[in-house]
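Take a look at the structures below.
Heads up, the next two complexes both have subunit A, just with different partners, subunit B and then subunit C.
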Partner chain A sequence: MTTLPTSTQKKLGLVIDLDTCVGCHACVVSCKGWNTENYGAPLSDQDPYGAVPSGTFLNRVHSYEVQPEQGQAALVHFPKSCLHCEDAPCVTVCPTGASYKRVEDGIVLVNESDCIGCGLCAWACPYGAREMDAEEKVMKKCTLCVDRIYNENLPEVDRVPACVRTCPAGARHFGDFADPESNVSILTAERGGMDLMPEQGTKPVNKYLPPRERDRSEDVDILAPFLDPVASEPKGFMGWLDKALSTMPGGQ
Partner chain B sequence: MHPAPSVIIFSTMSGIGFGLLVWLGLGHPGVTGFSAFVFFVVAYLLAVGGLIASATHLGHPERALKAFTQWRSSWLSREGICAVAALIVMAIYGMGLVFFGSRWGFIGLIGAVLSLGTVFTTAMIYTQLKTVPRWNHYTTPAMFLAFCVSGGALLAGQWSEAFWLLLLTAALQVLVWVRGDTALAQSGTNLATATGLGNMGGVRPFEAPHTGPNYLLREFAFQIGRKHAQTLRIIAFVLAFVLPLLIILLPFNHFLAGVAVISHIAGVFASRWLFFAQAEHVVGLYYGARSV
Partner chain C sequence: MTHTQPTLDLSPKVSDEIRKTTCYMCACRCGINVHMKEGKVAYIEGNRDHPVNQGVLCAKGSAGIMQVNAPSRLKSPLKRVGPRGSGEFEEISWEEAYGIAEAWLKPLHENAPEKLAFFTGRDQSQSFTSLWAQGFGTPNYAAHGGFCSVNMAAGGIYTMGGAFWEFGQPDWDHTKLFILFGVAEDHDSNPIKMGIGKIKARGAKMVGVNPIRSGYNAVADDWYGITPGTDGLLILSIVHLLFKAGKLDLDYLARFTNASCLINEDPKSDEYGLLLKDVAGQPIVIDRRTGQPAPWNGQGVEPDLSATYRDKGITHRPVFHKMAEKYLDEQYAPEAVAERTGIEASRIRQLAAQIARTAFDEAIELDREWTDFRGVKHDKMVGRPVSFHSMRGISAHSNGFQTCRALHTLQIIIGSVETPGGMRFKPPYPKPSTAHPKPHCKVTPGKPLDGPHLGYVQGPDDLCLDDDGNAIRIDKAYTWENPMSAHGMMHMVISNAHAGDPYKIDTLFLYMANMAWNSSMNTDGTMKMLTDTDENGDYVIPHIIYSDAYSSEMVAYADLILPDTTYLERHDCISLLDRPICEADAVADAIRWPVVEPDRDVKGFQSALCDLGARLGLAPFTNEDGSQKYADYADYITNHIRRPGVGPLAGWRMGENGLNDGRGEANEAQLQTYIDNGGFWMSHVPEEAAYYKPFNMAYQDWAVKMSFFDAPQPYIFTLYSEPLRRFQLAAEGVGTRQPPEHLRQQVKDTMDPLAIWYAPISESVEDETEFPVHALTQRPMAMYHSWGTQNAWLRQIHGHNPLYVPTKIWEANGFAEGDWARVSSPHGDITVPVAHMAALNENTVWTWNAIGKRKGAWALSDDAQETKKGFLLNHLIHELLPAKKDGMRWSNSDPVTGQAAWFDLKVNITKVAAPTESQPNYPPIKSPVAKGSGPLTQKVGQ
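Entry: the complex of A and B
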């Protein structure tokens, strides 16, 4: 059913910390691995060892340079996967009912056996979170690892999305945004978690934590006083030499 | 957006085909018998041929029947239902004209409304997309409908109506082009809102996620040079409007009438190609397309 639920019992999603992400792409690899071996059609690659490799990914990491008015530019690594929007435009455009948002936890999924591969949902997503698999010709997207988070065959520590579990920097957090006491709600409140493209009106569930202010060099540079020039004006023999040389042609 | 030939062929051909059905449904021209048969064959070839072209762009056309189920929310689903309903109703109406020599006016009227509805729902598939600011405007369905009825009038040989409708469509086309060129800038979506990093400073793409191409880049990051686009716009405008209008002003002649129709269809093709090729999808911003 491609009409959206008016509300969902839980709002499961991710907090992505742009301050701590180191841009290692480990989440990209673990996401591709888990979702190729488990639920749904595998994420295919085309020409993987050739000149122009290309493939389906549910999570990609961009890098941006941010240049403030003053001072040095900052480099921000930017992981991007489905934001499991509350007002998901990708769901309502789907003609077949293959795309849907779950009432129980808010996860946005594609029923691959109903998908006709029209691609319209990918057109409707502003974030580039949906990719048509070139092999299977069905729409693929982040499942929030729905086959991990409720999976009782896994040890409890592994019942989180693959990308969250794998991140060596702890830059991805998984939880329920409907619960104000959850880890993700507290992180969002304390660190000023933000929406991407709020003007598109999609009401993303996933939040991004902005990079924190960097330490400034003058605050920490305890050696600076010792690095002052020892003598500003030459004295004695050096002073005489300096003057003598300045009087010579071309000296000034 | 990637200008996929199947979608361009579909929207051009079926737009004109349903336009002809609108005029036939309204009884202009009031043909019966064999000449009605010829008109209906042309209209159905265009409309159905377009629909078949659009089905080839599906990944799983064998599941296409499922697309009739989500009319409550999906314009694509509504389009499918409208198209099938229009074709069925117009077939009944056409049967009356061809085999019984009688015009069942009420059925024709319903068929005409459904044919217009099909083109309107097609246009709404594009119009609803906030992600493509160039399309997300009421001028999009207005232009699709105008192209539909003016092309239909031309094919139906309704010269005096075609003349005024072509003038109107030409004006709309210019409006759509002029407004569209600033639509992305005016939408308020840019790399700063896309990354949320705008209040830290100027944002610039540093490194793409992958060195190779991907689905998103192939589908959404198509860009056409401004100079090529201007040339194509002139070609589209001359073929779709200027030439047919001049021919209408000349004394009627069957050969020239054919030239007017072919020129118009070629012009609509060029215009539709530009409609897709010039449309900027906001996801391109993440990849540094059109960054300022």
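Entry: the complex of A and C
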């Protein structure tokens, strides 16, 4: 079994804003594109033009319907990828040391040359965030675009994960949670960023910002004065109009 | 094992080269960086410098690599060898293909140009394709706007000189309340997502009004699950409340709208209901400074909203009085509309009050001076920070035009159009209907048409009717059935051509329009019409030419296929002459260029039209010596001159003293300059011209400089539409051009010069108790407006389209997961899988559109999930309504614009035993390309 580093210098990860995610899957496909072409084996697709196509994705968006006891039902879009846990069970379960957590930044990676494709890590992950590539028979997972975020061949502004760069709604944020002044730490503090399934004890680094409360427009009683009629009779409207107009430029 | 970690290369080479072009995975036209490795496309990301997407990119855009690799790409020109619809083709050369097309088309051009119907679907080159059609001389040309969103476009143009999407956008930086009406995950895809992200980050509020709470509506802070087709009623109820409460921007209404213009009130006058004009034909207002009549645009004039005026014995009342009278009527009270709209009266009040509060208590002021067209200087820009966006959801109903007008009326009465925090036009808009061409339809054999096909009618005189009152166009656009059909009516072409009504045609020429499948109402009937034969055994529509890049369902129904390229293999221009990509703060245009060369015997469709145009001797495509004018589309883009100094691209034109923005002669290096500058050109709107564009002289002057128009043309918003009134007046018996009797009442009822609401037309002929449930479709965000639903990555995300059923109907039918239902309309039945969705209007079902595929198409296997369980709602929708009492069947379209009324569909639902596959299902068509195979393990850079 594989050991986790006792601590990491940085805790790089994502803040995903569930209030803003419109469920467009831009992050899913951008991730697929970058990671097919870059780190490790390509993300393969089986039966791509056949009955039931299926392929390897490092990031998927799930949609859940929420039906509160009172009020209207709502839909929540929930993007999910590896959360780069501090106590990553997928690492400790790995029999070969292929799964590891980087000491510099806390990114959890799979060293594909050491991966025997046993799949134990995927079983150990409570989030279902790892996928076995059916062609290459190695375990694939979010790399936090480790080959982008330090990449000197990219302009500095682009040294973020592909999913963050592409997100049209700006619902994904990348940064260092070890730094309390970082964008992700501030967002998490301000918006009540949450751990996914904290009871699993994995201490996920990624955080989710909960949807703001929906359908909470002020009560009509509070708003009512804004609709106070200017007149009780339809004809009274014209009287109001003439009075209102007299205060305008050119008014007599 | 103790912690060890390998050494990684953290700075791998990303690509050999980045080629910047424009996406075409949908109609949004974002800038993309195409990363090339070893001459192949390796990765696609958004272009950060691009005005549309500013670096972001949606799922479709990133999946473009699977489009340029798609096995469904056509490989060569094809000639049909089996019966139509079989899909049996043989590959032929371009020379042979051109020869066939020429043999069919040349006699038509010379003798009867109208016998060619040329309709383009998801065309982004309409200023080019329409020029070709004009050159041919046929009046029968349009793109797909008639079955998409013409109500939105026309409603906006006729009311305020532009609508949403390509015309205008919310002021994302300043708006405090954003209300989204009826938008599926559609038009202006990335900018809307970016805008929503922006306002949410600022803590501004977003409200969704939509029967379905998915996508954008899922993140809306508040949701109104309205009953389909009643948006206009809800909007007018809000207008009613705002009038009643005096929450109106009277200053704005007086100065910048025709609320202050004067209406002839004499029922006996031939000018009844028209505006009082001066000798120059300009509307008159009463100047508050003098109490006397003055021209609307007179220097220093302060128009009066309330003064009446007696001229030649006839009383004239201001439009504003008429509005007050109409909208204060209790028929629009929340209590009166609650049941119909499915929105409680208290909730309507809540929404109206929030609009009132935000517009007037939270108004914003920018310290920016500006001067209006009356020469009046304003020391600040006052904004009503309520913004709206809307598209097909309110548009695709038979009351959609007036609903769009109602929405614009709401925007205008609170003063939130072209003011900070409201809605902002995108150059070259705003542009009122009077600044657009009128439709042209005069046919002269062997000669070009007398002008552009599509335009904005101003009254009955502009209709496309012959001396006997018959339709001149095959789609019957611009007739009394739908006088303002500004985008044509593509959905009626095949049906009318098949019926020989108004006449028979010889050749149907289509581009990128899947009419034999998801782009037609009545799909089954359309397939039959396309294959129907006459008593001699000849096809009723004798010749069909089709151009597509992919093996779509429509391919099998054509006789001749001109294979198009993918979007990464071609030249294009996203031109100010047709559907530009501008933003509120900038004018912009863009190009596509071949970032890879095609590896097949295919040609960009527009280049093929350059060749074909020259072979046919069409004037715009032939030099005086008879030789071919444009070698290909790139040559056209560079060298075509539309009017002096104006060509397809506005950037880097050749001026007298070097390169010029906007105006100038052709520049041979123009395309390369675009490529060198990221594939687009952009010029910013001056700060003092940023708002009040229709009225702001700084904007007007800049627009002339930029070539949008040739002289300043300020205007005021037309809350009261004279073109509509002119049609109505004719229906009341005034004038020589009269509607046929059976349409007289419809014209009177629907062409009200003030925005109104009426029930969807189908409700008058269909049985409400038999078909009580509304049925809608929308495209998923990852496929909106995409020509690539067979895309290997995207079909893994959206490969299924169950019918989503609300709780009430779900429980009433005792549905359980995995169940199927028969869904019936007055027109037909389908049998489809169902799924439960609670966040849905309780009388509405819906599904994802265009997921269902026909077996044999798109290089998918015959057992693909899209063919087995996928389905189209199209089978339930007819292009004609059921017969009225008099036996006549009317077009299932908006009676004003002809917009296809897709969303008027009503159905009933019954649980049935699960069939083996969705019904109807069709036998496989033969594919002209090999089926796709797998697995895919592409890594270009290995």
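Going forward, the second predicted complex is superposed on the first by the 213 of 252 C-alpha atoms of A that agree within 3 Å, B and C clash if a C-alpha of one lies under 4 Å from a C-alpha of the other, contacts with A are read in each partner's own complex, and residues count from 1 in each chain.
Definition applied: a contact is a pair of C-beta atoms (placed from the backbone, for glycine too) under 8 Å apart; a residue touches a chain by one contact, two chains touch by 3 or more.
In this text the structure is predicted, and so the values were computed from the model without any measurement.
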(message) Which partner chains sit in contact with A:Gly97 here, subunit B, subunit C, both or neither? Use first/second/both/neither.
(response) both
(message) A:Glu181 in the overlay: touching subunit B, subunit C, both, or neither? Say first, second, both or neither.
(response) neither
(request) Using the touch definition from the top, say if A:Thr3 reaches subunit B (first), subunit C (second), both or neither. (result) both
(request) For A:Cys21, decide between first (touching subunit B), second (touching subunit C), both and neither. (result) second
(message) Quick one: is A:Ala124 in contact with subunit B, with subunit C, with both, or with neither? Answer first, second, both or neither.
(response) first
(request) Return first, second, both or neither, reflecting whether A:Glu190 touches subunit B, subunit C, both chains, or no partner chain. (result) neither
(request) Answer with first, second, both or neither: which of subunit B and subunit C does A:Val29 touch in the superposed model? (result) second
(request) Answer with first, second, both or neither: which of subunit B and subunit C does A:Gly55 touch in the superposed model? (result) both
(request) Between subunit B and subunit C, point out the one touching more subunit A residues. (result) C
(request) Could you look at A:Gln72 and tell me whether it touches subunit B, subunit C, both or neither (first, second, both, neither)? (result) second
(request) Show which residues of subunit A both subunit B and subunit C reach, each in its own complex. (result) 1-4, 25, 28, 52-55, 57, 63, 65, 67, 73-76, 96-97, 134, 136, 211
(message) Considering only the defined contacts, which subunit A positions touch subunit B in the complex?
(response) 1-4, 18, 25, 28, 52-57, 60-69, 73-76, 78, 80, 89, 91-98, 114-120, 122-128, 131-132, 134, 136-138, 194-201, 208, 210-211
(request) Over in the complex, which subunit C residues touch subunit A? Could you list them? (result) 1-6, 8-14, 35, 37, 42-46, 48, 53, 55-63, 65, 71, 185, 189-190, 193-194, 196-198, 200-201, 207, 213-216, 218-223, 225, 241, 243-247, 250-251, 254, 287-289, 291, 302, 304-306, 320-321, 324-325, 328, 346-347, 349-354, 356-357, 361, 781-782, 790, 792-797, 799, 837-840, 859-861, 863-865, 868, 931-941
(message) Considering only the defined contacts, which subunit A positions touch subunit C in the complex?
(response) 1-5, 17, 19-26, 28-30, 32-34, 36-38, 41-42, 44-55, 57, 63, 65, 67, 72-77, 96-97, 100-103, 109, 111, 113, 134-136, 146-147, 150-154, 157-158, 162, 165-171, 211-212, 214-220, 223-224, 226-230, 234, 237-238, 240-242, 244-245, 248-252
(request) Using the touch rule from the top, collect the residues of subunit B that touch subunit A in their complex. (result) 1, 57-61, 63-64, 66-70, 72-77, 80, 125, 128-132, 187-189, 191, 193-197, 200-210, 212-216, 219-220, 281-283, 286-287
